[in-house]
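Here chain A shows up in two complexes: once beside chain B, once beside chain C.
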Partner chain A sequence: MSGESPRPAERAHSTSAPTAAAADDLTATAPRRRVSELLRDLRRLALFAGKRLLALLLTVLIGVYLTIVIANMGGQIDELRLAQIENTVAEEIRADPAFHDLPSERREQLLNDRMQIEIERLRLDEPFLIRSVDYLRQAMLLDLGRAEEMHSDAGSRQVAQIILERLPATLLLFGTANLLVFFVAVFVALGLSRRYGSALDRSVIALAPSSAAPAWFYGIFLILLFAFVVPLLPPGGMVAAPPPSGGWAYAASVIQHMALPIAAMFLAQIFISIYSWRTFFLIHSSEDYVEMARAKGLPDALVEQRYILRPTLSPIVTSFLLMLIGLWSGAIILEQVFNWPGLGTLLFEAIGHRDTPVIIGSVVIFAYLLAVTVFLLDFIYALLDPRVRIEGGSA
Partner chain B sequence: MSAPALLEIADLRLSYRTESGAVRAVDGVNLELQRNEALVVLGESGCGKSSLAKTLLRLLPRNAVAPEGVVRLDGEDILGYSEERFRREVRWVRIALVMQAAMNALNPVIRVGEQVAEPLRIHRGWSRRRALERAAEAFSEVGIATDFLSRYPHELSGGMRQRAVIAMALVTEPDIVLLDEPTSALDVLTQAAIMNVLKRIKAERGMSFILITHDVATSSELADRVALMYAGQIVEEAAAERFFTAPAHPYSQMLMAAVPKLHQQQPPRPIPGRPPSLLDPPAGCRFAARCPQRIDRCSEAPPSTTLAPRHRSRCWLHAGGKR
Partner chain C sequence: MSPWRDGLRRLRRYPSALLGALIIVALLATAVYAVVTIPYSEAQRLWRGGDLWQELPVNAGPVWADRLFGGDAPRTLRIPTAAAPIAEEAYEGVRITEQRLTFDFTYSEFPSEINLFLGSSGSDRQPFVRATWITPQGEQIPLDARRIGANERISISQNQTLEGRLGAPPQIGLFSATSAGAGTDQQALEVQQGTYQLLLETVHFAETSELHGELIVYGQVHGWAGTDHQRRDLSVALLWGTPIALAFGLIAAVGTTVTTLIIAAAGVWFRGWVDAVIQRLTEINIILPLLPILVMIGTLYSTSIWLMLGVVVVLGIFSAGIKMYRAMLLPIREAPYITAAQAYGASDLRIILRYMVPRILPVLIPTFVTLIPTYVFLEASLAVLGLGDPILPTWGKILYDAQDQSALYHGFYYWVLSPAALLMLTGLGFALLGFALDRVFNPRLRSL
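Then we have the complex of A and B:
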């Protein structure tokens, strides 16, 4: 044999990548060695997962703590609260006829006592720094607590209840719109990358700057056009009032209400998404192995699927998952414009009411979702791309 | 002429549209290739030899103008085939390619074996098992252990990847294997090993090769015939022993003088000057500006002259332009 037989380094590599080798019938490895390799691999996997989890937890911790500090304005909000408590208590005492006859110093006494009770209930007498750590502990344990001002439509003051009640509306609207934009963009882009430079391609590029305006901006014009100039669709809300009674009629009404906001989001995002995916596919379809696949006489569809889409699946899945968790925050202004009872509206109201538990609650959940997604992505990458191998251990 | 050629290229032209005008990368190329023959297309960078390869397999970039001329494979003009027919009947069935950048010619996320077996499954409709068995045969033919079939490309060294790509070109037993600078990215030892593999395959399988390269020394290992390309044209086409020992065209002579040889007394002589721009090639002989034997007629385009059977040159010195 001239030249090179498999190098020693590659042999060593082959034992350090047993998942690939063990799973394949073409490699005949002794079963015992296979088991020990599998065990070592699992141990390494666990170590890797542990490290990643720790790092992500730390990230969430820092993110949530920053939110707590900021949402409380670094403790500044306590003074606002104190003033608010004083107001409320004074008002209660003034309004209660039972206290009308009391002498003023007794009233003062009563006022102070009641304020003291309220302050102790809210633990405003403790320094903010200590309380912030306690808030952090609760938040990390997903004990979102009670809202200060707001309540759910069902009357609950639990932050979790308030958020859960709004979640379906946001998921429905933004889920539909984003999935639509994502899949339309990816597939149109794939087609355009094949017809690079065509009139269609150039017009999509020319239209890309249309995404400079946000969805709510288009929303305003769409409402004007399709709800008032040509009254085809409802201008806002999620369902007709009073809600139709039948299940189908209800669904039809919701779909009618969703049409305009979805159209607004679609218009605002579609061209820029197609543009960026098209460029992405163009770059990846000029890889040598794509040309090689064409030379091999593979049909275009197969080249696209196996040589363009398959190697680029990691970034596609990444942006898909990030898009999915992005649904969580909703969109404050768009929901306002369309009067959509979702999380965006909730956050808007919570900020208006300075209802810190609600603000922190939604941020905590978002942080956890993000962390879980990133954690999942680490493993999805390894599944999708054999080049992404788990580091660690001394091979 | 002798036996009908396996591949016959007549007056092939290809140009690219660029902002500054049409670049005539292949400008009237005539070539022929017999069965079980290795033709080396020599030429310096940018002379159009890769464009020639790409034209043969229709792997042209978007700015290429549709090629003109005739490319006959076993007497049939494949240039006139529809895209679909060309894909089904020519690509990899008749002509296979070993790419210039073989390091990156394998899909990073698919096992090497699958990629090598793929043409069989597509063109012959073979089952996965059968195609993989054939791929394993091709692997041992090019000298890679068959357990590398289940590896991913990044787990192979450069030389092994190049061998895998060659194995891929062999699986369907095409008539012609087109090798576009197959060893230029490899170290000298690996280059020699790969050339040995190719020589052995040629001897055993009776395939035809077109080897496109700028490397005179390496190409001489395999060549039966040599075609020297300059500025989009073939300036000399001859049998290998003739070309390497007694080249006819002034450019061929200077090129051979520029190649360092073992036990050589004088240092190799470089060719002064640079090749002309293909955007606006000179009207006459394209080598005239660098040619020491230049005569007046060189300002007219020289015809291709037959010096001996299957030996042609494009030079006024041979076309009787001396007077």
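Then we have the complex of A and C:
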């Protein structure tokens, strides 16, 4: 998805900054009152966090339940599982020499009996509504069941194990890329907003539409250029094969493999990010209180830090986390293109194997990741936005 | 002057907007051309492939790309037997005919493959055919001798014994100047230009028996788009990908933005529990990961592009945009003209659709235009994941096939570059227009 631009609604926050500064001045003169106020703030923050956590948990609950219903719509999963059970039971009976001499009717009978037992064991005879609650409980506890075809590199068939094994790779790649894009974009944008209208500024604006294409798209070209036309970097994977021994050599190999996917993400995101931040800072640097600070003759650096960055901090963080949310889904294809052994590649492989438990498990994990991101967003927001502290979590 | 006309007038001052509009018009024209020249069912039939494409080479590049880099790769040559004169001799019970399929080979690179398609008709007894290759110097190379049924495909370039005799794959050995002995470096072989002949000597066992067929010397280039690993002409998919991409992007963008806007307006207007429900639904929807859900639905149900479109629209209804529209609509709700409308007895629906929604429509237009390429790329993304529409040719599916066949590794750059260029063009066109629209219609940016 395209980069999240700062929302106009967030402009309202800027007005609260001077009051917060005034409150700070007051508390500085009375240390004891400061401690008690800090405690009050903490209590309110905890209350707020608790409320949000509860609300989000409820949200995840409903979201995961919806996922289960979608995944089970039309009883397709049940049919798949029935066919699977029939297969295994038939295979068991065929493989057991003790049953070889039985007449075919008896064997048929045996097959049906065993299937019935298995169906009852898996509670497939109960209505979906009852089972769905059970599935929901399992999914919420991350008890994602066993994979049908796939297994983790360590050999486990547990879906949770398979997914957990892939999570660090995804976090490494996307964490690095997002932090890079975010910090570069904010600082370049600050610089550009100061030199608004310059040739550099205008060229960045002109380049902004290039972000219409997603990162994997640039990835294809980067692979073409830097792995095939000019073979400088590996076209995919996470480490060289065989993996180099020794910590530093291993890390160097990983960094080498990360270069192209990060470059792809950087290229796809950077211009639109700079563009929206630049616009955002421009709007905020024309506020009255900034003009006032400039008129007072404060140095530029101070104006930037205290009068532009501080009041805009909460929207900046919001936008950062929203960008994270947007990129979680983009991860799938980028990883596939670069053969990066993360969650995205896992999902892609699961599609190939038609391994339903793994696919549903990934959706649940993605939902959790999104919820954690949203929670972090709320929490940091509460930390940064003085109104949440003062009003005690009624935001 | 209405704000729309005013906006359009100011839009004309942005060269990027004009460029974007130009690209979009060109894409629309291509889409219309594709739908008119190749009907929907025909596009599906063509893309299903099979024997339909047997006269095209495998993985041939576009002609213009080859010529641009100074190459002289051969095009496909088709020499039908119908065009060649027949010399006939009649004996007791049998007829012997002789046909020479003659063609000039003037390219400096070797063909990619040689196939002989032969078929007989008119008799139960199959005629016997002996094929001989005659080089420009007159050297005769026996190829094959066999009975010919109703429809036969003689793959000369996959004839292992012939390859053994020539010391090189037949499509190279038959066209090289010096006959290569065993162990000759194949890179060193040069093309012998001139007039080649394929001599077909046929023994017919009945008076009515007839032979028909065609010699195809496959080139290394084909058309303006090239072919894929199944010999399908990529121009079909590139052309038909245009209306599909535009339709997908447009319907998804319209479907999500308009419904989102109306729902946001309804929430703002009714307040109370309606608003609360909409807010909670939006929060749940933000947590639902769109792409994994699409992947799940594609895997479990169907990868039909129309189903995907439906899911995208349904999941997009309660998107994060609702929060933004809500913030914009809240002050509008208190505007005096709404109270006036209420006073004359306008219904809720009328107030929402005729009084509230149109007010923020101008702000919505740029978002809407920049959303289109997002969905175009979403479709391509799904296809690249292997969840493309099973029957329709799309740009994403070309990319998927190319990725699947390691096109970049094998050097078939055109296979990746042409759909990618079209995707990029679509993205760029809408983004350029959208950004310019944003600056014109978004009051926040107007002064900047």
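One rule holds for everything that comes next: the second predicted complex is superposed on the first by the 259 of 395 C-alpha atoms of A that agree within 3 Å, B and C clash if a C-alpha of one lies under 4 Å from a C-alpha of the other, contacts with A are read in each partner's own complex, and residues count from 1 in each chain.
Note that in this section a contact is a pair of C-beta atoms (placed from the backbone, for glycine too) under 8 Å apart; a residue touches a chain by one contact, two chains touch by 3 or more.
The shown structure was predicted, so the numbers you read here are calculated from the model rather than taken from an experiment.
Q: After the superposition on A, what does A:L384 contact: first (chain B), second (chain C), both or neither?
A: A:L384: touches chain B, not chain C.
Q: Between chain B (first) and chain C (second), which, if any, makes contact with A:G352: first, second, both or neither?
A: The second partner, chain C, only.
Q: Have a look at where A:A251 lands relative to chain B and chain C in the superposition and call it first, second, both or neither.
A: In the superposed model, A:A251 contacts neither chain B nor chain C.
Q: When both complexes are superposed, which of chain B and chain C contacts more residues belonging to chain A?
A: Touching more residues of chain A than the other partner does is C.
Q: Return first, second, both or neither, reflecting whether A:E287 touches chain B, chain C, both chains, or no partner chain.
A: It touches chain B, and chain C stays clear.
Q: Once chain A of both complexes is superposed, is A:G297 in touch with chain B (first), chain C (second), both, or neither?
A: A:G297 contacts chain B only, not chain C.
Q: Contacts for A:L142 in the overlay, against chain B (first) and chain C (second): which applies, first, second, both or neither?
A: neither
Q: So, does A:T59 touch the first partner chain B, the second partner chain C, both, or neither?
A: second
Q: Touch check for A:R306: first (chain B), second (chain C), both, or neither?
A: So A:R306 only meets chain B here.
Q: So which positions on chain A get touched by both chain B and chain C?
A: 1-2, 7, 196
Q: Provide the residue numbers of chain A that touch chain B in the complex, in ascending order.
A: Of all residues in chain A, those touching chain B are 1-7, 10, 13-14, 17, 20-21, 24, 26-27, 196-197, 287-289, 291-299, 302, 306-307, 310-311, 313, 384-387.
Q: Touching residues of chain A toward chain C in the complex: what are they?
A: Contact set of chain A toward chain C: 1-2, 7-9, 55-56, 59-60, 62-63, 66-67, 70-71, 73-74, 76-77, 196, 205-206, 208-214, 216-217, 220-221, 223-224, 227-228, 235, 279, 282-283, 322, 325, 328-330, 332-333, 336-337, 347-348, 350-352, 354, 356, 359-360, 362-363, 366-367, 370-371, 374.
Q: Quick check on the complex: what are the chain B residues that touch chain A?
A: Within the complex, chain B contacts chain A at residues 57, 59, 62, 87-88, 90-93, 96-97, 99, 101, 104-111, 113, 118-119, 122-123, 132, 143, 145-152, 154-157, 159-160, 165, 168, 189-190, 192-194, 196.
Q: So in the complex, the part of chain C that touches chain A is made up of which residues?
A: Its residues touching chain A are 16, 20, 280, 283-284, 286-293, 295-301, 320, 323-324, 327-328, 370-371, 373-374, 377, 380-381, 384-387, 399, 403, 408-409, 411, 413, 416, 420, 423-424, 427-428, 430-432, 434-435, 444-445, 448.
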